[in-house]
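Each remark here refers to the structure printed beneath this line.
Labels run A, B, C and D following the written order; every chain starts at residue 1.
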Amino acid sequence: MTGERSLGLLLFEMTFLVLLGPLVTGIIQKIKARIQCRQGAGVLQPYRDLAKLFRKGTVQADTASGLFRLIPVLVLAATVAAGALIPVVRAGPPSFPLGDALLLLGLLALARFLTAVGALDAGGAFGGMGASREMTLAPLVEPVLMMVVFSTAVAAGTTELGALAAQRGTSWVLAWHAADFLGFAAMLVLLPAETGRIPVDNPDTHLELTMLHEGMLLEHSGPGLGCMLLASHTRQIVTLGLVSALFFPIGPANGADAAGLLLGVGAFAAKILVLASYLALVESSYAKLRLFRVPQFLGIGFVCALTALALRIL
Amino acid sequence: MSAETVRTIIDDLGALLLFTMILILAAGQIYRAIYAVAAQSLLIAIAAAVLATATGNTDLWVIAGITLTVKTIVLPWVLHRVVRRMNVRREVEPVIPVAATLALAVMVVVMSFHLSATLGPVNQAITGNALPVGIALTLLGVLVMATGKTALNQMVGLFASENGIFFTAMAVTQGMPLIIEIGVILDVILAVLVMAIMVLRVRSTVDADIAGLDRLKG
Amino acid sequence: MTETLLWVLPLVPTVTALLMLTTRDRRILSAIDVCGSAILLALTLVLAREVAKGGPRALGVLRIDDLGLVFLLLLVVLTLAVSIYTVGWLKQAVAVGNMKAESLRSYFALVHLFVATMVVTVLADNLGVLWIAMEGTTITSAVLIGYHGHQHGLEAAWKYIIVTTIGISFGLFGTVLVSAAAAAHGAVGADAMSWSAIMKIAPMLNPGIVRIGFIFVMVGYGTKAGLAPMHLWLPDAHSQAPTPVSALLSGVLIKCAILGIIRFQTIAAAACGPAFPAEVLLVFGLTSVVVATPFILAQNDLKRLLGYHSVEHVGIVALGLGFGGTIGTYGALLHVVNHGVTKALAFFAAGKAIARYGTRDMRVIRGLLAVAPIGATLLMLAALSLAGVPPFSIFVSELMILRAGIGQGHWVAIAIFLAMVVVIFAGLLHHVGAMVFGEPTATASREPEAWSPLLGMMLLAAIMILLGLTIPASIDGLFRRATEIVVG
Amino acid sequence: MNVDSGLNLMAACYGAGALSALLARWSGRLALSVGHLATLAGAVVGLGVSLSVLLGVPGRTLTQPLPALFPFARLSLSVDGLSAYFLLVISLVAVAAAVYGPAYLRTYSPDAGPARQATQVLALNVFVGCMAFLCCAGDAMTFLLFWEGMTLASYVLVVSDDRDGENARAGLLYMVMAHGGTALLLVAFLVLTERAGAFDFAALRAAAGDLDGTTRTTLFFLALVGFGTKAGVVPLHVWLPRAHPAAPSHVSALMSGVMLKVAIYGLLRFAFDILAPVAGPLPSSWGWTVLVVGTTSAVLGVLYALQQHDIKRLLAFHSVENIGIILIGVGLAMILWRREGVGGVLATVALTAALLHTLNHAAFKGLLFLGAGSVISRTHVRNMEELGGLARRMPWTAGLFLLGAVAISALPPLNGFVSEWLTFQALLGGAGRFHGPAGLVIVFSAAMLALTGGLAAACFAKAFGVTFLGRPRTAHAEHATEAPPSMIVGMAWLGALCVALGVAPGYAMRLLDAPTAGLLHGPGASAVVTARGPMVLSAGLTASGTAATAISMTMVTALLIALTAIAWVLRRGSRRGPPRAAPTWACGMSPTSRFDYTATAFAKPLRFVFATLYRPRREVIRETAGTPYVVRRIHYAGEVVDLAETQIYHRVQRGISSLSQSIRARSTGRIHGYIGFVLAALFVALLLFGVDQ
């Protein structure tokens, strides 16, 4: 069916994701604005913000340790590295063993861990609050995510995303079982949590009672903040990419020629667009949940994932 | 005299011994108990004499003599003195009611007879009921110690059970070897003296009966 | 030569006791004390070598075989340790006023008479002599227990003398029955009571009589050995006696009673088959282990704690004998020695602690490690060893007993035994740990530790650890031969 | 290196170390240095021995008889792959502890008298020596002797700070539970020895050959409880979080990092080697039990760890968690071995995961305890709420502690992730093998493992953040200074180990060949896991026979480094010059250390989510100034109970003690009672035994 993906392709896909990340955010913002009958900022606004931040100087909390300056760098690096594991334009196992779903989740977790540590470094209440809440939800999200991955991996017998996608074959519509629907449902529940959006988190607010992720970025400034923002853009698209790789296997599998490449990119863009608009829709049609309601919300996802697995195994 | 008559005599003596033991058990007054045990010892001496004549075992004559002097005369006298010195109240109220004590005694007797009945014929020179009587006497002596309130009662009980053992020894075998016999009696005497000293000591230091002390427990 | 030694041996402590009456000076008395014990030990070692070479020796009513030798060695070693310990202990006791300086000689004399009677008990071949000597130990030790002369001491002494006298009069009754059974098979005169003579004809004896006889002996000497439920006198006596005497009582005396039981066990096993005495021993052993447990857990009096602990360990010995077989019996005999040594050590250490704090109440004794490091460490070691932790000797013997039990498939007994051992371990370590660690009580005296008690304890601790790490060939041989005598 | 002479040399080193306690007579410091030096030497020799066995001829077992100490049991040593591997683990941590120890003891308790120092040196050497030789034991007797020696020595170390009553209580609990466990082990071993008639493992193996199924299983469960007590699996773990913190920190590192593993060694040796049907898979009930027990321990361990504020207690609870993870691997290995039969691949993966995690946990848990130790030695505070801001004062310690935190949270690219990845792969493969509920159990424990990882990350974000970051909360933390170099070196050694095992784990697989092949009689670890060369880890062939899942930690690390470099360039930005320092934003107020999030606050949301397990108790006392609206002071007290402790242990303890109290209270002191008992005993005995039935 498909040949292995070369290292060059991997790196290309990685950069592609990084570059595309802010755009997705921009699109989501735009759609939200439209739904709320606003003009809204242009889809390229995130790029402008980043550019501005990287030009600015740094203000740093006097209590922060030397670690603080390093945190954004490491977080960005980890997130982007996770991007390298997502098959974007083509299915098939990578020639280099860089494509394992567990490794991907691990890298994302690393980024999250470092973010939390950085938030605690500055001291003060907001950082701690954000970190505490983030690290409360993460352990609840990750197992469910893991189970969703397993629910497809058990069938495929591998956790390598490329291979998984290849297993699904091209005509993914026919290949779907009940388990896939449930797994996808679980994923839909998880997506807002993983991308830090309503109803779990609210990316637009800095109200200390509501913010999770933003609270951790509060003390970062200038290029550092830029890195953190870029990281969260990348994280978002990577998550979407993971979903699309798990449930909508990549379009044309055969051949690494330009046509196939373009088609693949197109298919990927389409899928991302769909998921992004879903996020926008949810975000503008729900209210943010109280923190201690979130576990129940995630519980829905847990049940779906468990059922999916049960269907696979039984 | 014939083995038959000896056996009957021993049996009768055994019955008498049991009777004296019952007296000791039921004795309301310490003096009575002492007299009873003296009488018991006398019976033992007689038994020894009888056996001596029957078997011609000279050791038994010695034993009879010792028993007569020591257990029938000396030790009761010692006890008597002690009671005097202590001038305790004559009436000794038992730990458990006399009726219950006697009931227990009956049980003991029955049990010992039942036990020796299960043994079947033990081919001894002379047995008859000597064995069950001996067991019964020994246990009843201890029963006296368990139910008697004062130290004196317990000493009396001690003699009684010793008597039981002696009787058994004589009846079942022709008595223990003389040297052992003497050693045993010496021990008994020593023990009694030590006990007597303790009793008097306690009486003199804290005005109480040593058998009544129960501070050490648990 | 060796035969005469049999008679010399009991004379040594007797003579020592008489010598004691010649002086009142504490130092001289202590000197005589130590010398006498040392001579006793030396002579015993000579005897041991002879026996190891030439087998059992007998002269008249006395006889020494490997079985007796095990107990004899334990006796003399402990006697020496006690003598060494007493030197310093007495100094302190006199200073505090626990002992009256003018009555010291009678104390020493009594101790050595006590030892003499125990020597006879161990050497006795004639079961009657065994009984006489046993009653002798009762009388002498009763006086020693009441030695302090205050009310509690006398109460303990009275309970002790009455209860154990009753007990061993049962023992005498059993002896009479057995000898009667023997007499029926032509054993006349002294032979009818000579253990070695009876053993020759044991298989032919009337099982019914021997059976009843053994039960009487078991209960009788069991009382003296402190087996439950006849054990009640034991904690009283051990807690009231002067510390060296407690050590002797717990270390040797109750073991002598065990020897008496073993002698009759062999006869009973030959006459009624080994199953019967084993059964009886098992029941009494388990009862002792179980009964001792709650009293150990909920105990405030240090010496009573150790007393109840002796009950448990005598129970374990009985279990070992009950499990039987070569391993079980070997383990039981080894346990006799191990427990004797360890318990004496424990009493020594406890005695020093009590003297330091002026109370036996364990709730008051705290932070011993701070005021008396060596003594505290020794107490801790003794406690751990008593609890059956390697590399101390008791672990080895308990292991063997356990092994025998598993080999025989006594699962219930094993389960109960292990459960109790663990619970008791918890209780003991709880008590001792509380005493050793923590901040010392204000009332604790901080005077430096005297050398002689430490020396005595070190001696015992050395044996305890040595026997825990290895069993030398000579000792192993002794135990093997002794085991053969019991198992046959 | 010649193994026999190596063992002798090792014994000599530890013996010398133990004897060096005598030096305390002259100088405690000297005794400390010499003693730890001896430990170091012994550990190094141990490394040599184990490596020479692991890299030597596979499947070879070297036995060495010991002098016959006991008439009834021959003692002997025997070193095979499994022994050597655990000897390796022990020695690796022992090296660090020995380097770290002297400085720690000097700085932590400068006032300690020579007696205590002597005790510590003696006990430390005995402790490490016993563990090392325990793994080399060739017969049950030797095993048990060293086992108890290990327990005793560690007990002495736990209570070595003798003035602290809390330590004494912890030691008591530890000793009692250890003793109970040993009792069960005794039975398990003795049943075999009685059948074998000998003590050495070979004979036991032979004797186990003709056991019937029920006996075999009974013995296994006896051993499981016995070893589980030592390993601290839930609910037998209660002693662990008390005892480990009580010991000196480098000893805590040894206890948590190594001693628990010795129990794992015992379990593997007993179950796979001795008790296993001749070269055959194990009964299924074993594996499933171990899997469930492991999962429970993992989750509960980390959950309780989350709520601890004593940093060493927190680490101790994490040991419970990690033992659970190891046991998941072991259980899977048992299950899959039975499923696939001898020669199966997945079983090898599972066992490899377990063994590798054993090594990894030893590394990072040792590192973390040492890190905590150097904080404590500088501040004499174990409560995180009183620390903070140490990262600026002790940068090296902070950095290394962070390293350990990342590793234990199973985050790439460090070693914790590798072994957990292998465990996940084994779980996945297992789920593929079993259909129906069995598969669900496996998948569920996979989910629980994921949960565990997430919670661990949360817990260490808290532990590191509250201890090292933000502002110092007390003067203790305010005036802390960096630990002395020798301690840093000790930590760095383990840190390097974490990195090496994380970045290039493939090269360690070679060491796992001997134990895995030896236990499962199948392919070795490297043949399965590094089939595609040491750079690449793969979980062998999968159910559908398709290509194995594979990762290359080395490449990921390279990628991370490259990206970090790029990101660093971005981070520097266009504007040059140092960053402007400003106070942390606190809504305009000038923040104090009271503003910082405390450990309690950090863990509060999770305390809410898992309230059913915690049964949290909290009391708030507020002093108001007249009106309820003006609050002068708020006193907050909260605690979380360990269910096993409150529900099981306390009840049992209370029951026993009250029972015995009442019995003792009822006992009589009257002599008539005494006599009555004697009489009754005789009476009953006569009735019971008097007549021959």
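Definition applied: a contact is a pair of C-beta atoms (placed from the backbone, for glycine too) under 8 Å apart; a residue touches a chain by one contact, two chains touch by 3 or more.
Note that the structure is predicted; figures quoted are calculated from it, not measured.
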Reaching chain B from chain A through chains that touch each other, fewest steps: 2
Top chain pair, ranked by how many C-beta pairs fall in contact: A-D
Label of the chain whose CA centroid is most distant from the centroid of chain C: A
Interchain centroid distance [CA atoms averaged], chain B/chain D, Å: 70
Interchain centroid distance [CA atoms averaged], chain A/chain C, Å: 78
Centroid spacing, where centroids are CA-atom means, of chain C and chain D in whole angstrom: 44
Where chain A and chain D are represented by their mean Cα positions, the distance between them in whole Å: 35
Multi-chain contact residues (two or more partners), chain D: 664, 667, 671, 675, 678, 682, 686, 690
Contacts with two or more other chains, residues of chain C listed in rising order: 158-159, 162, 166, 170, 208, 212, 295, 298-299
Two or more partner chains touched - positions in chain B: 115, 118, 142, 145, 154, 211, 213-216, 218
Set of all touching chain pairs, with the criterion as stated earlier: A-D, B-C, B-D, C-D
Chain C - residues contacting chain B, complex: 61, 126, 128-129, 131-132, 135-136, 138-139, 142-143, 146, 149-152, 154-159, 161-162, 165-166, 169-170, 172-173, 176-177, 179-181, 183-184, 189-190, 192-193, 206, 208-209, 212, 235-236, 239-240, 295, 298-299, 304
Touching residues (chain side chain D, partner chain A) in the complex: 389, 391-392, 395, 398, 402, 406, 409-412, 417, 421, 424-425, 428-429, 431-432, 434-436, 439-440, 443-444, 446-448, 450-451, 453-455, 457-458, 460-462, 464-466, 468-471, 532, 536-538, 542-552, 555-556, 559-560, 563-564, 566-568, 570-575, 577, 579-586, 591, 593, 595-597, 601-606, 608-609
Residues of chain C defined as touching chain D within the complex: 158-159, 162-163, 166-167, 170, 207-208, 211-212, 215-216, 218-219, 222-223, 229-230, 232-233, 272, 276, 279-280, 283, 293-295, 297-299, 327, 330, 367, 369-370, 373, 384, 387, 389-391, 395-396, 399-400, 402-403, 406-407, 414, 418, 421-423, 425-426, 429-430, 433-434, 436-439, 469-471, 476, 480
In the complex, chain A residues that touch chain D: 54-63, 65-67, 69, 72-74, 76-78, 80-81, 84, 93, 96-98, 100, 102-103, 106-107, 109-110, 112-113, 116-117, 120-129, 131-133, 135-136, 138-147, 150, 153-154, 156-160, 163, 167, 218-219, 222-224, 226-227, 291-292, 295, 306, 309-310, 313-314
Contact set on chain B toward chain D in their complex: 95, 108, 111, 115, 118, 139, 142-143, 145-147, 149, 154, 211, 213-218
